[in-house]
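Each structure below is given as structure tokens.
Two complexes come next, and they have one chain in common, subunit A, joined by subunit B in the first and subunit C in the second.
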Partner chain A sequence: MQTARLAFRNLSRQKRRSFLLGGAIAFGVMIVTLIDGFAGAFVDNVSENFSNLLAGHVFVEGVEKSPKGRDLDIIRDDAALREAAEAAGIEAKYVSRRSALQGSLKFAGRTASLAVQGVDFAAESFLAERLALASGSLDNLPRDGIVIPEPIADKLGVETGDRLLVTTRTYSGQQNVGEFAVAAVIKDPGILGSISAYATRDYVNELLDLAPDEYQALSFYLPSLSGMDEAGDRLHAEVSSRLQTFEREAPGAEGENPILAMMRGEDEETWTGVKYRVTTLNDALAQVQQIVDVLETASLVILLVLFLIIMVGITNTFRIIMYERIREIGTMRAVGMQRGQVRGLFLWEALFLALGGAVAGLAAASLVMLGVGLIDFGLDSPLFIILKNGHMSFRLDWASVALKVAIVAFLTLAAAFLPARSAAKLDPAVALRTAV
Partner chain B sequence: MKRVMISVLAALSVAMAGAQDFKAMLREIDSLGDFGGQDFSATYTIVSEKPGQKPETVQVRVYRRDEREQFVFLFLKPERQKGQGYLKVDDNVWFYDPESGEFAKSTIKESVQDSEARNSDLSRMSYADDYDIEKSSEGKLGAYDVWILELVSKDSEVSWQRVRLYVRKDKPLVLKEEDFSVSGRLMRTVSFPPSYISAGGKQIPSRILIVDEINSGEKSQLTLSDVAVGRLPDDTFTESFLKRAR
Partner chain C sequence: MSIIELAEVRKTYPLGKTEVQAVKGVSFRIERGDFISIAGPSGSGKTTILNMIGLVDRPSGGEVLIEGKPTSKLADRELTTLRHETLGFIFQSFNLIPVLNVRENVEFPLLLGAKRQPRKEAAEWVDFLIEEVGLSDWKGHRSNELSGGQRQRVAIARALVTKPKIVLADEPTANLDSATGEQIIELMKKINRDLETTFIFSTHDAKIVDIADHVVRLRDGLVTENFRRERAGAEA
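== the complex of A and B ==
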């Protein structure tokens, strides 16, 4: 214990040097913590924003094989699905039934391609709260009304009240034309602008050649992100016991999105009637998790590279310390200090340096996170999808932080070990004779 | 008396129209693209015009083996798309990009490089198999007396739910085709000017003009050349053919 106290006092003898070494460690810890914090919140924010856009966390889609072997997206009757959801204990905040068309909007010789979500606005009242209106209104939306994002409105040069032509295909692939009246323009939802136009399901169904009570996707918006996969599994089991379903886990190529793998498998299958696909937001965002995995690996690699550089500095500094204190070491050895105690003195010093640096790094990272989190990027930011209500957010996994602090401590101790051993091996007589 | 004569002539005309076997006429029209089990190849040059833009030219070499429902489209122009192609194997249509060397699953309904033409215009389709005749009447198109046939698709999987054909009365040759959306709106007009190429004992229109009725001023002209009917090497309808074709 006395050795530790002595080591702590030694650190404060050369304040500038300790500050620089600790600062280097703190910088490394800060960078890694920021990356970890960003990666932690990335999944949550992307999932949250996507669940708002896709109106759910657990999805059921119906696929019918046409006589010519094409896969047609349609849910004709959802009585059995509703029963299955109840049996699976799906407690959703909202349930939505949507159809969607991919079309080209045309106005005064200009064209813009986008997906239009067919929404039952009365049932999806929560949607109105989430759309940031730039102009127009969602109240009393006419049957052929459309809500389009600002960039699309700018591209077409339209304002609320204008009428647009839309060319699209029916659910079975036939050409169709319709007209929309621009009811509202919403602020730029960033990279998802091309999938965020909304119209009444009634009219989208007419353009898709679906009956008014038919639709294409049933979505359940759960109270929280956690447990969505379990809910998806339970729902899949219940739907499977009543209707034809696709397997939840489709064998796909490495890195392939599970939903795309599932759909590829469907192309090769044949069946009659409607077969159902149960998926979750996590399936759709599997690539997001891959991005997070890459970020986490990158943070570990950055940590190791930074610390290899810092370790060289630590080793050299501890060698200098050893030569500076060589007579002191000789004296201590002469009055009875054991080799292990000398080694311990250096290692304790390195450990204090590592922990001090780590704490300072964590504090600096927290300050940066707090500062960046205060910046309002706005709901129309291109970064929208990774933001939380327009703000950058961070989430730290404390186990991961503890692991990285342990790695920092270990590497610092490893860097100081050789000079510490050399100091311990010094002959007291030789050390006392050495002129510094 | 004059009124009676007109009524009699009208009645005769209706009777004649009724006597006409339009289903057989559609089969005859279909048979113009049927080379009796022989392979077909031709080069289609497609010039597309859009208001305010320079006309764009796309040239595609088409190889067809109808007996096995196979085809290959190979892009010859423009330079940036040279070597790209479509290959139909069994029920799948694949798009090949020589830049990546990869094949991607595609659909026959995609339009050809942003022109008004669709891949289905370059491959074989069947009026008789895909459509029912809903109505027929007589008319005149330019100097030609024509039958006007209103067709309705038998199922919902062909591109156009309704098609109006203008067929020459003297020969079963289509002069004009009007394609309608499900909502009943005219989407495009395809004209077949009466200039033909003879190949394999059949007469094939050498020019096709496609007018986009939705986007005013947008049109494409297809010109047919280098037509050949006869056995093609089997490896024409393989991935390796497209890979080495560039």
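== the complex of A and C ==
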């Protein structure tokens, strides 16, 4: 019977009390684990969803100043960008070159506004794989074919084969009108997907008054999220050596939204020709990372606050335990237990309580995660951007879990330390004659 | 050399602003193999003296010598080690550890010291002692499943497990009916003969005092009588 085993059995003496204290510890651990798990998955899911929405991880846009000083989106020199991408060693899984118009679609007196992405479907074969169609097909897409999301189709009351009127503006701001033929309807695309439709880049360019070889946004979809900033930096350097570029700002510099900062900055300057901007998904996600940082700090603060309260309970309980077992302590001291062993007995008991509570808390958190993960929020949920395929998901960093468990164990031991020391310091004669 | 010697031992307890003189200068010797009764009415200082002999309490004055060695200057750690190696304890209220079963209670002191016996030897010794106190069928039971007499038998086995030279028992029969009490004293006497362990027990029961071969009688913290009975088989 080692001290540890005796301590373990002592825990079972007052089951209700042990369950209450262990339960409090478990509750704290569960809350913190849930926050951590949520924060961990949050950044993953948002990145994933953003990269799907934005069709990539590293982006190049071109901006030209109109004679009136307006910013016009256009990429004119694709050859130089290709060279730059190659020189920068960008190994993209997919590359997309898109134009986009913002327009009103009209059908039988009904109107819907949305963004129409002009896509080179032959080059972006992956897009066809990703779009789940409710009706129609992307094969043999006519030049004026359009693929619209289901909510828009419902709103306009159109089916595949119907023709729509579109009013829009050219890239330089002139009114323009055209006609689309509904080629396919996208099934349940989610909240952000439902404001974009897809059409051929040729026809979108025509409506925007762009040349067939011109476009507005170049995106690289990288094989993985890591290395995206380095890729962005290399690409920026290569583009800068060939074309005019905007400064590349560090993501989230000084806590400012880098996109807002860039937008503000460009109003003041003027230039001729096209100036190129290289951004990455991380620039857009800088804000997301800040949220994650806040969540992680909050989880640590909650852990500490909860445990300060729990520690008071632990200290008091161990004091009570000391008085309840005072004669037993006297007996053990009499038969040869050293002070340090008495202290050890208490601390082992506290450690088992902490570990038991932590394991129970982790188990409870796992169950909650599993349960919440089963709920289908649907792809059109307003939470879409933080979900994974419409489900809440969690990701735990095991090193951080281990650290939190260690903190919990340490705090529990600290809380039990003073009562343990008092128990060890008891005069055996006093302990033996104290009636309980 | 006496196994225990008390030399002018005094003990005062603080009591409010004054103090109580519980033991007022007591000297006597205990010889190896004695079966000695510290007798006296309640409040006469029996527990106080046994605690000082047992090194769980320190005298306010005088000296307790164990095997000729003075103990008043020893540190807590050394006293604890000395208790563990030399002394066994039997208490009035048995004081078994409730979460441990009979066997574990008996074994408990063996697991405290720095020295470890070989496992098999220790296990055989524990079983022998349990057999000796007649609890072989109760090894797996916890103390709340035992009668008072059985509990005190467990306590006796526990007191002997470290093979101490001296066993101290403060009113070991006070919480038992008289028949059971006598059986317990007889058991202690048998072990005293078989293992030659020195037994020191306190009591205020005259019938039990009669079984002792050495009696130290106390009254108000002073020795009033100290005598040996000559008996067949008892050492002088």
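For this structure, a couple of remarks:
Operating definition for what follows: the second predicted complex is superposed on the first by the 366 of 436 C-alpha atoms of A that agree within 3 Å, B and C clash if a C-alpha of one lies under 4 Å from a C-alpha of the other, contacts with A are read in each partner's own complex, and residues count from 1 in each chain.
Here is the rule we go by: a contact is a pair of C-beta atoms (placed from the backbone, for glycine too) under 8 Å apart; a residue touches a chain by one contact, two chains touch by 3 or more.
Computed from a predicted model, the values in this text were never measured in an experiment.
Contact with subunit C, but none with subunit B, is seen for A:A429 once the two complexes are overlaid on the shared chain.
Using the contact criterion defined above for the overlaid structures, shared-chain residue A:L218 touches neither subunit B nor subunit C, since it reaches no partner.
Once the two complexes are overlaid on the shared chain, A:L353 sits clear of subunit B and of subunit C alike.
Shared-chain residue A:R327: touches subunit C; no touch with subunit B.
In the superposition on chain A, A:A284 contacts neither subunit B nor subunit C. Touch criterion met: A:V335 reaches subunit C, while subunit B stays clear of it. Contacts of A:Q174 after superposition: subunit B is touched, whereas subunit C is not reached.
Judged by the touch definition given at the top, the superposed model places A:A184 against neither subunit B nor subunit C. Only residues 47, 51, 54, 56-57, 76-77, 80-81, 83-85, 88-89, 91, 93, 95, 97-100, 104, 107-109, 111-113, 158-159, 162 of subunit C touch subunit A when the two sit together in their complex.
Residues of subunit A touching subunit B in their complex: 66-70, 106, 109, 111, 165, 167, 169-170, 172-178, 207, 209, 267. Looking at the complex, you find that subunit A touches subunit C at residues 1-2, 6, 9-10, 12-13, 327-328, 330-339, 341, 427-429, 432-433. Residues 51-52, 91, 105, 109, 153, 155-161, 179, 181-183, 185, 187, 214-217 of subunit B are the ones touching subunit A in the complex.
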